[in-house]
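One structure below.
When the chains are written out, they are named A, B, C and D in that same order, and each has its own residue count from 1.
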Amino acid sequence: MIDKPRDYCGIFGVYDHPDAALLTYYGLHSLQHRGQESAGIVTSSYDEEKGRWTMPAHKDFGLVLSVFDDQNIFKNELVGNSAIGHNRYSTTGSSKNPANIQPFRVHYRNGNIAIGHNGNLANAKQLRDRFRQEGVLFQSTSDTELILHLISHSQKDTQIEQILEALEQIEGAYSLVMLTDDKLIAVRDPNGFRPLALGKIDGSYCVASETCAFDIINAEYIRDVEPGEVLVIDQKATDSKEPTSYKLEPEYGTGSSQCIFEYVYFSRPDSKIFGENVDKVRRNLGKYLAKEHPIKEVIQKAPADKKPIVISVPDSSNTAALGYVHENQKLGFECKFEIGLIRNHYVGRTFISPGQKSREQKVRTKFNTVKGVIEGRSVIIVDDSIVRGTTSRYLVDMIRKANPREVHFLVSSPPIISPCYYGMDFPNPEELMANRFNRDISKMAEEIGVDSLRYLSADGLVNAVKEANPFDKDYCTACFTEKYPVPVNFGIAKEENEII
Amino acid sequence: MIDKPRDYCGIFGVYDHPDAALLTYYGLHSLQHRGQESAGIVTSSYDEEKGRWTMPAHKDFGLVLSVFDDQNIFKNELVGNSAIGHNRYSTTGSSKNPANIQPFRVHYRNGNIAIGHNGNLANAKQLRDRFRQEGVLFQSTSDTELILHLISHSQKDTQIEQILEALEQIEGAYSLVMLTDDKLIAVRDPNGFRPLALGKIDGSYCVASETCAFDIINAEYIRDVEPGEVLVIDQKATDSKEPTSYKLEPEYGTGSSQCIFEYVYFSRPDSKIFGENVDKVRRNLGKYLAKEHPIKEVIQKAPADKKPIVISVPDSSNTAALGYVHENQKLGFECKFEIGLIRNHYVGRTFISPGQKSREQKVRTKFNTVKGVIEGRSVIIVDDSIVRGTTSRYLVDMIRKANPREVHFLVSSPPIISPCYYGMDFPNPEELMANRFNRDISKMAEEIGVDSLRYLSADGLVNAVKEANPFDKDYCTACFTEKYPVPVNFGIAKEENEII
Amino acid sequence: MIDKPRDYCGIFGVYDHPDAALLTYYGLHSLQHRGQESAGIVTSSYDEEKGRWTMPAHKDFGLVLSVFDDQNIFKNELVGNSAIGHNRYSTTGSSKNPANIQPFRVHYRNGNIAIGHNGNLANAKQLRDRFRQEGVLFQSTSDTELILHLISHSQKDTQIEQILEALEQIEGAYSLVMLTDDKLIAVRDPNGFRPLALGKIDGSYCVASETCAFDIINAEYIRDVEPGEVLVIDQKATDSKEPTSYKLEPEYGTGSSQCIFEYVYFSRPDSKIFGENVDKVRRNLGKYLAKEHPIKEVIQKAPADKKPIVISVPDSSNTAALGYVHENQKLGFECKFEIGLIRNHYVGRTFISPGQKSREQKVRTKFNTVKGVIEGRSVIIVDDSIVRGTTSRYLVDMIRKANPREVHFLVSSPPIISPCYYGMDFPNPEELMANRFNRDISKMAEEIGVDSLRYLSADGLVNAVKEANPFDKDYCTACFTEKYPVPVNFGIAKEENEII
Amino acid sequence: MIDKPRDYCGIFGVYDHPDAALLTYYGLHSLQHRGQESAGIVTSSYDEEKGRWTMPAHKDFGLVLSVFDDQNIFKNELVGNSAIGHNRYSTTGSSKNPANIQPFRVHYRNGNIAIGHNGNLANAKQLRDRFRQEGVLFQSTSDTELILHLISHSQKDTQIEQILEALEQIEGAYSLVMLTDDKLIAVRDPNGFRPLALGKIDGSYCVASETCAFDIINAEYIRDVEPGEVLVIDQKATDSKEPTSYKLEPEYGTGSSQCIFEYVYFSRPDSKIFGENVDKVRRNLGKYLAKEHPIKEVIQKAPADKKPIVISVPDSSNTAALGYVHENQKLGFECKFEIGLIRNHYVGRTFISPGQKSREQKVRTKFNTVKGVIEGRSVIIVDDSIVRGTTSRYLVDMIRKANPREVHFLVSSPPIISPCYYGMDFPNPEELMANRFNRDISKMAEEIGVDSLRYLSADGLVNAVKEANPFDKDYCTACFTEKYPVPVNFGIAKEENEII
């Protein structure tokens, strides 16, 4: 996709490993695609000299490789054998609040506790209102902080009981890593909106949003944290070779509602999430796209010496494009996978582009066409999704300048029509291309300047995913279908939540 | 390639355009692959208030998008209608000297002059010794500075004569952009080692190392600056629609010796250099690789249901891999292009990895395998070149962990055996894999852990390039063949050159 | 004094003035001697666009003139017609916590509130324990934050009632400035430990720790905020020309216990505090010192042509030294005020001085002797107080090197023997010179290397102050006498308070 | 003085001492009053590993204690047993050029050489023009760089001969420290404009602008470097206990022309320069001021109970004021030295004060009056000099607000009427108060708002200095008398010198 949704996160945790902070650093780097705004690591360490537990932290705005840059500081600062880490989404806003960088950590009467959160609470407003009425003061504008107040205000005796009591009060999407003085706790909400996997390295347990974080450190994938599962990893877990598992009862829905958009776009193709390789699922999306829109329907009269070419928008739609090509070839329709777009991966702190032409220039700064490949050809662009459509239009403009015979646009998911309240930040509904043109495909094709535009159907999407991942879990498709599995308090204006 | 050579540069210039600095900024960004250590822009502007010409500059270590980050500063600082810019290679050394960041600019009795250089002077030591004897003081350790001293010390009357006299005294590889108070001058050495192209935007001339810099600003490619050509772009050129051209006589060789490694690895596939699209040439390298090493010879006994797959090391060898696949398919040998390696493009200021495992971790931080693609398959990895071989080994290790049936490594160029003295910085000859194993291919295959290793032959390389680019220019293949077209003073120890 | 006590603060506030932030900036600068570690300003502004009150803040470590350095930011950031500011003491610790920089500001259900505090709460531990038990989370390790939680947790209806309820629960030393959306509130604890004055500029009310903050902005001094007074300055106060005043009942003591050390050393000589000019009081300390220790007793046999000279330790003891000289002259004892020590006022971020000689070098870095003045003379050094005595010793060493005839040390206050729990941070009791030598004056003289050492008596100190400032207020002399007017929970170890 | 002249410098050097950089750091700190803009240290060290000499440097804008702030860096960076350092004047200009920060260091065919300069060359324009004609390129806009080019271009055999040949070509004011691989060289121009002293610490030689730099490191003052002397300190000097001395012949004047303004204002009172204590000389200026303007003439009718008080503008005129008081008392005229002005020594990066009132606010930010001291009194302000007069006026305004009976202003030097070309940067002649009012004293008194204004006469100044320092040296008084001892090329416009 060109036009990324924002407000996403990656989380990682490891328990009782001598290189806890270093492993978290690598893990977060591999999850960088889930959030580029800020990064943080918190470790837990028993300070023999002071005779008490400490929780060192290092957090800042920027990419993981930039935030943690000094080996010496790294060694001296983030001591301890257990650690959690968090990546946060990128926004262009100027009023960035450092208090919102996760993981959050606090000290309360039962010791230190830190938390990293991927998702969005659906009842944040109600909880915040209740606390405000009591006189509780907030340090951030994040809904994640509420979980800490719930734990600290719980009058239960043990920390685990306090945490369970707190989790029973929250609703919505949450994959969590929590670190206490001597425990690592991993939680997935009862609907299982966001992924979370359990792994093992050198006999120590670790958890991560995606398994690519295990690969980078050579850890082994054990299994997914289940929807509604609270996994407590402590010395006992290490000894018994099995973390203690608690179960949260779902208030909404009888089953799971895993985010299907993770498969469509968000997760890395080399990860396994929700129990299956993303590459495999995404390739199946290409296959179903070929079934619904075979080449022979898209291109009716290509000359014999100029086979149609299929190009992807690198890198996110590469796999779907390959799947599309291979299925067409299997169906006997001639076509070639080609690299028609080159992506410039160098990024900096900012992008300077004054005035009107800004967005167009931004597209040209990120992509260039390979003219010899496109010239005179029938071109099929495969992309995973379209959000606003503006950048798609500029991309098509660039391709047109290389003189193709014709240009068609295929999308390996249905039109996006409504917002996500479970952890992803799409533009306002009225800005979405499908809504701007009343879901009229021909007008949308005209808008982006292609000869034809075709989407995978919502049924095709779900069937493709389930064929590739035949487990008995269900998916949330709200952004394509407006069917929201957990009710959301729509009254939460962003402004209202904002404290100083 | 995984193991990049260093000491390379990208240059850009534009004359008489209201957005001179902004265009240079975009141009440099598109040339970022030619140098990631530092970036600089110098503009020329007549200051009405002071009644004289000024040459504002902004230079720093870092990527282009980071060095030039503040729109306001940008506008106020780099005023003027003409500009030149420069990118420099990335090194990991800690003792970085800011005085070496180009473009250099000085004021001398004939006004301001700035210079950006891609290449290496072969007679730098002799020139520097002569100047030191006279008592001239140097500001940098760069050979580029010598050109400025030669110009400033010339007793010729006009600036153009001074520049020509200076150029007649230097030898080796140099593509140059120079900015004077009222002229933009573009130079390519008589052997034409490095590329340099002339373009036009909104009626204004521009020059760049590669044409991808023209695409990003929507400029039109006119022609290459010819080997030995000195192009003077000034108001007269603008009026007459034709820059003035001077000719430098070659001292060595009767023809050109363009760097063939630009086609193999260095230039972007979407650029046109030496008069031809890089993508086209690189695809032909894949084709010749297929001719010399067709699949049926590489893989003798793949099962019918498991066609061999060809994967590239992203992104630099993508095109050669595609060329290899398409040629094999044309030859009737079954195989599939697949994406078996994922590259993490996020980079930061530094990479933390203590101790022994550092290099291995670095490879795992940059690449991950797509396990479902590789498992059980006969895998052919296509890469453009191998330098030390260590990182190739770690990459093959990772691929082996995904349980392929067999792994073969094909390189779309011959073994690298000797250093480049014309602008590229390979490791010491004894560190090159081909030399470490006495060019014994089977030992090299063993070293990197593959079932077989195959290179494109030197003849194949030259023929492939000439078939794709049938102009009458010749190429430098010294790094593959040890045939150096211009004699080099091998006495230049790095240390000796270093001043404070 | 050479050896400064730490843990002190300066506060300032102004209500309804177009230059609120700028005036606060100047005011804080004039109070810089009360705290050099950090500085902060919070303003209150009604944002017409957003339709709500905002409280911009700017805070950082460093001196006032460094923290607020950019005029543009200043203008755009700290908008609003009311402001409060705070300076904090200097410490050399490396683990500085930015969360502790005041003023603190929060948003709670009744709007925004910010607070700046000079002093120390005596019942902080009890309050913190109570809150922790409830589950309240803290953002800082400062006792000041407790006041905000008390206000926010109050279930009273109006903000003023909430604030009064909160103040009734705290004990100890506190001069406060508070800013709400539309009010400026100034408070002095019932014992009146720390100074706080009310002023007026261009018809707008302002408050400050010392009146030198009024002089710098050309404001008029109105009166002191009285011990136990809560002054509410709002639109009504502006209209009626009189702030509303509430009274806090003292729990301990029937009268006031103003810090006498403010007169001895801490306040600026050009300020008026506790209703009287500091210069006048300090000069009286010199006079009483002359009465108790006249020159003729200190120096018994100076040669006729070499009158004894009196030198001060610049700048803090200048006035007491002058008072001592003038009184002696009045009594007919010959002596001359001289400048025998020069102070280097340039300071930087840090002071580099490795190893053993560090403290000695530090003294030599700060002071130098004027040799011609001291040589051959009977020298009387007047200083306002001695803390550890080590630096006094090095100073005397330096003076001895200039070859005086003899050296005597007079202190314009009694020996410091016990800690302050009301806002000043002396070293541990066992480090105090008077305690190290069991208050044996002759041993202390030997320690610092003088021919004699003399202190002003405790009675002399109180009498001198009361003669100069004949109001009916009483003073706290606990650091000299161990008589603590408000009981303190001695269980507060620093460590215990420290949260992450 | 309130209104400081700029363009001044302090220099320091030490040879063969294990703490060379640390001593230079302290020395520069004690010379901080001679330049607050930038600071730099260069050391010389033989690198055993590389088998050659190196010259590490650390230089930056800011105060000495800020520029050199990290102990670790300090230790690792500035290695070597010999060092030179330099402080430069403070300017408020925004376009600061880091290339101008001294010491400069270069490598040329005879090794490394570094230089620090206090003064101004009178023939800089001619030298620069000659070099530019040859084609020499400059790195800075400083005249100091010319000395390095002269040395490097000298075709003499030995470095000492090269340096002497270079020095013979320069004219004007220069006290220099130079560091070569194995020598420390100290130079004072034949006229001896600027001070330079030789000292010894732990058997190692050191040199400094003023002796306060020796006091801070506990070094012993040996003697002044003589006008026209070139002192070479090397291993031979250390062995023979005597540096080698060369003599430069004066081209202008038969004797010396030491800067008398060093005694009036610039040097520290605790320093010895030109062979005598500054305090002693400055006190004599007060004595001569009393002879020319005794109290009885200044104040004709003070009431018996209100003796006139004499206050200084702290800290620079303290000594002259004391000298004035003591002489008056000796003459039988009643008066009292008082502290009527308090100076705030805290400074920051910048001072924010918008609009018209800026300068007035700046004075109020730096000074405050002690009201009780001034009220009702006849006040005599003693200052060392007046430059523009504007700030004097604001100071008198402040004093007037404290309700004195009358205010008189006495200056311990004559009116400043013309620029200095030998190392000090006064405002343009037309901005000087004495010139603005045609040297009409009564108009000047009116301008600054005093009842009377009196200056020390030029003869009085010279006589006072010579009485205190009865050596046979002469003084430059050009700023008071327009008598310039060395001709200056007045054609040097600042602009002309400026290169990029």
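Keep in mind that, in the parts below, a residue touches a chain if its C-beta (ideal position, glycine included) is under 8 Å from a C-beta of that chain, and two chains touch if they have at least 3 such contacts.
No experiment lies behind these values; they were computed from the predicted model shown.
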If chain centres are mean C-alpha positions, then the most distant from chain B is chain C
Could you tell me which pair, A-B or B-D, is linked by more C-beta pairs in contact? A-B
Centroid distance [mean C-alpha coordinates] between chain C and chain B, Å: 64
So, what's the distance in Å between the C-alpha centres of chain B and chain A? 35
Chain centre separation in whole Å, for chain D relative to chain B (CA means): 53
By residue number and range, which residues of chain A touch two or more other chains? none
Among line, ring, star, complete and other, the chain contact graph is ring
Pairs of chains that touch, anyone? A-B, A-C, B-D, C-D
In the complex, chain C residues that touch chain D: 22, 25-26, 29-30, 32-33, 36, 62-71, 74, 212, 215-218, 268-270, 277, 279-280, 315, 318-319, 322, 326, 336-339, 342-352, 354, 361, 364-365, 368-373
Within the complex, chain D is touched by chain B residues 50, 54-55, 57, 105-109, 112, 132-139, 148-149, 152-155, 495, 499-500
